[in-house]
Amino acid sequence: MTAGETDPLQLILDRVHARLQGETERGSVADYIPELAHADPGRLGLAVQLTDGRSFVAGDADEPFSIQSVSKVFTLTLALGKVGDALWRRVGREPSGSAFNSIVQLEYEQGIPRNPLINAGAIVVADVILAGHEPREAIGEIVRFVRFLADDDSIRIDPAVARSETRTGYRNQALANYMRSFGNLHHEVDKVLGVYFHHCALSLSCRQLARAGAFLANRGRLVGGGHSVVSEERARRINALMLTCGHYDGSGDFAFRVGLPGKSGVGGGILAIAPGVASVAVWSPGLNANGNSLLGSRALEMIAREAGWSIFSG
Amino acid sequence: MTAGETDPLQLILDRVHARLQGETERGSVADYIPELAHADPGRLGLAVQLTDGRSFVAGDADEPFSIQSVSKVFTLTLALGKVGDALWRRVGREPSGSAFNSIVQLEYEQGIPRNPLINAGAIVVADVILAGHEPREAIGEIVRFVRFLADDDSIRIDPAVARSETRTGYRNQALANYMRSFGNLHHEVDKVLGVYFHHCALSLSCRQLARAGAFLANRGRLVGGGHSVVSEERARRINALMLTCGHYDGSGDFAFRVGLPGKSGVGGGILAIAPGVASVAVWSPGLNANGNSLLGSRALEMIAREAGWSIFSG
Amino acid sequence: MTAGETDPLQLILDRVHARLQGETERGSVADYIPELAHADPGRLGLAVQLTDGRSFVAGDADEPFSIQSVSKVFTLTLALGKVGDALWRRVGREPSGSAFNSIVQLEYEQGIPRNPLINAGAIVVADVILAGHEPREAIGEIVRFVRFLADDDSIRIDPAVARSETRTGYRNQALANYMRSFGNLHHEVDKVLGVYFHHCALSLSCRQLARAGAFLANRGRLVGGGHSVVSEERARRINALMLTCGHYDGSGDFAFRVGLPGKSGVGGGILAIAPGVASVAVWSPGLNANGNSLLGSRALEMIAREAGWSIFSG
Amino acid sequence: MTAGETDPLQLILDRVHARLQGETERGSVADYIPELAHADPGRLGLAVQLTDGRSFVAGDADEPFSIQSVSKVFTLTLALGKVGDALWRRVGREPSGSAFNSIVQLEYEQGIPRNPLINAGAIVVADVILAGHEPREAIGEIVRFVRFLADDDSIRIDPAVARSETRTGYRNQALANYMRSFGNLHHEVDKVLGVYFHHCALSLSCRQLARAGAFLANRGRLVGGGHSVVSEERARRINALMLTCGHYDGSGDFAFRVGLPGKSGVGGGILAIAPGVASVAVWSPGLNANGNSLLGSRALEMIAREAGWSIFSG
């Protein structure tokens, strides 16, 4: 590519953005957290961070949004760093496989959540990170870790969102108390949920999120620096969990359509990994019936197809 | 590699075979189908079919075994060829996600099985293949398709196994009648199960199975011939389904450990796909708690790691 | 009461019949068995058999209808006569407690149905009655028993209804095969269901049904004759089962409103017992959401209140 | 009966007490509430309050124990007094029917508990009683009501038990938060549970409990005074709920064996009602597998049989 030419990847992003920007069917903005209900369904951001260091963006890629459950990928990484495979004694590695997931499954499986990427599992992960510290310290550690991954100290938690969840999170209170009744939480429920609600309230732009997730595409190493975040095997395994469990009861469909490991959040963000090649972050606040970004999923399907990134092709 | 040298892949297979052959913990042979209960837990076969046409084997790779549920990959391919995406109106694409799967899930989801790789879903697939024909014709079509894929006309159904299933398959009778009560089977239950029990009784060696599955690693084309079996997109999507749903309630664990799309059968066989590179078939009759071959899973984990084939790495 | 006066109970029946006869909201006739779908929702029959030998009727009390699940009370009585308390090793005594009953519960409880008055439980009861005989013999025994109880040899099975069920009973096929997979049916599924479908097709009028059930109100003895059918304790226990389990997932509501042990059938019939006093049979084909006769339930509520028969009063 | 003779009922109580006192198989004392774990499994109390005003006792009938869930009968009565049949929009009237009850059922039925005598239902009842007041006021109202029913101002709540529950009640926290997430609790979870835990900690002797429940045997009126607590119809309906739902997943078995409406508590107490005749309270701390007093159930079975009180006999 000579100077003056546009990179083909930039062309793909621009094309995808142009095609989706005019869509009128954009899903419904999550309304169960008051602060999220204000999000503008018209927004659409796309960002790609290649493992060779280059990055490309389109649309609202620099506007911060609440990453919500996407943060579970980062807390899982932190918790594995703390306790390693001992984590798997307290949380499973199987898809939850049911719209009736969460609490029904917890009753049948005696307080052990199916995987670390559903709410119940991420609450156990928060309990692991808490590890005898005060919530404030654990939250600080998580923020510092995400800033380190994204190489961006401006990343912060949105306190209004964190408070909003704390006030209305009855379902998560139920999950946490239920697991505690089985002895699968070691700290006070309010402290664990304090950590959980705060990391869900992390605010990142697509550009920041793509960069923060890039170590998973780069065999566990930071892009550019070469600094190792996790071993190659652990990066591979986190990707496997994202593929089988990253989209609640829409995980199979996402694998079928997009063919990349990914994790979605009810704020409308999705992080997807093309191993060896790229980390992709998309954002659009309208959700589909499974609670995943409607346009975000479509954008990823188009990007993965046009760039030829599916992990299920040769 | 000059003449006289052994291919590194052959060395890997030999090493894996040697390490596992002496294992005393080999799982339990399936005993609910009388004919399978006679299988020798001491057997272990490994076969790799590369997309470049070369193949490698180790151990009991030329001994035919009952492929059982592995056959669901082939009937799914056939059914998609017949009705295309209309199949997804009658069967889902999500992991079943529960040891309490099958019939409980069917009640909650009104007779629609979660995916085509669990029993209920494969019974719907058999109903699609039947499509107004007699069971004998549908069975003939399936056998011819597998022979075509493996380029081997000696492949056959073991009639004693088929009869054995027919006699004892009360659980599958329950599933089929239950789905019929919701209108999700269009033919008589006995005819549909006749087709299902017979294709599960297909007998293939590891070498034959690896060859039969190779089109999934080769962008939908037969290895060697270049003949297209399915489109590249469909091959990719079948691989995605194998990854998320191929091992019942152990699918997440298989993705985590092995990192390849795969489908197991209670006969102890597993077919795994390294997209773009290879199709791998392993066989050892002893099963783990989830009903997947114990040594077969371990063999695939070792082969995938040593060959660097995980789809979750770069 | 001197000659010429009308018995107060006759006045109650006449009043209830008059009030309900004009009702326009009559529920929906069961349509899943074709032969039942023809029933006229305008019919309403009431019959009371007192333990002192007198009986009273109103409306269509002499028209035979398909008693369907009401027959489970009689087969339960027969099976207890054959194997006594050993029956309770194969079937429970607890309400099913869920609209998702049947097959979900069977999976959790390993093929043991919750009670003998739901379909799965009654199929086990039919298996007990079969006891090595041919279906024709078992069916004959059941018919003779009901004729004996009602003192009426004209009672018969409607062969068109029995055939209709045999053709369309996929759900019951599923239940039976499922229990057989757990070893909780000892005979071939088709034979057991042959018995089950035939006893459900018994045709009785309200007058006959009230008489057939009167032994349960009369401490286990036939009214008039004094002949003992079951011990007093067994009559009491069958009544207890009818109260807690006789109306599927509407059993609690029936106890709350009517306050009498009862058993309903999808043909629109209900048999209720006022211990020590009377057996009551009502019939109206329209069903409520729980599958129990809508007007029949209301009629029983009014009769029980006006006659002061609730078992929950002093 | 002339002076000097012992009443036959006293003889029954003495005989039952004598036969059970020596039993070595006494079940297990509830250990999940620390304060209850100290109860002496050797204790056995029996008390009968006849509607004619006479009363009889045997064993430890004057020793106060924690009535726990038996208190749900009294709070249900109070809540019906406040809101009448509107209560049934927030709680059902069907048996829960499953050892997997509580939270699974709540998910399927959108936060509406099956009946007011299981924990979830009683928590809704507590929310109704709270009705805008402070917990302290609601608790005071409940205590005054029970004192009024028992005509005994010495009845009190055991503060150590109430605190003990507050500290360890994670499961109830989960239930309450879960229902709140569906909007089926109107007050703060901690306030509602404050009321709930306190009324469960009511301490009564068998004699007091039999007296407090006697209005249910006496067509809704206080024994002796003639003062009406509830209408006759409401008393009948509360009795019906106790029969179908009073013993968790052992309700069917209790109806089958004892044949009386009853409500048990994990403290080992049971209140049973023989409509028109008597209220019976028994206490023995050892529990059976369903969480109901083992010796208490047996005592009631013997008393009901010998006194001929089953509601299922004539």
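For reference, chains read A, B, C and D in written order, and residue numbers begin at 1 within each chain.
FYI, contacts are C-beta pairs under 8 Å (C-beta built on N, C-alpha and C of every residue); 3 or more make two chains touch, one makes a residue touch a chain.
Every value quoted in this text rests on a predicted model; they were computed, and no experiment measured them.
*Asks:* Chain B-chain C contact: same residues or different, taking over half shared as same?
*Replies:* same
*Asks:* So the centre of each chain is just the mean of its C-alpha atoms; given that, what is the distance between chain A and chain B in Å?
*Replies:* 32
*Asks:* Report the inter-centroid distance (CA atoms only) between chain B and chain C in whole Å.
*Replies:* Once rounded, the distance between the two centres reads 48 Å.
*Asks:* Calculate how many whole Å lie between the centre of chain B and the centre of chain D, each centre taken as the average of the chain's C-alpha atoms.
*Replies:* Inter-chain centre distance comes to 56 Å.
*Asks:* Which positions in chain C are in touch with at least two other chains?
*Replies:* 100, 108
*Asks:* Tell me the shape of the graph of touching chains, choosing from line, ring, star, complete and other.
*Replies:* ring
*Asks:* Show which residues of chain C lie in contact with chain B when the two form their complex.
*Replies:* Spelled out, the residues of chain C in touch with chain B are 100, 102-104, 106-108, 170-171, 173-178, 180-181, 189.
*Asks:* Along chain D, where are the residues that touch chain C in the complex?
*Replies:* Its residues touching chain C are 51, 92-98, 100-101, 105, 108, 114-115, 217-219, 232, 235-237, 239-241, 243-245, 249-253, 255-256, 259, 261, 275-277, 310-314.
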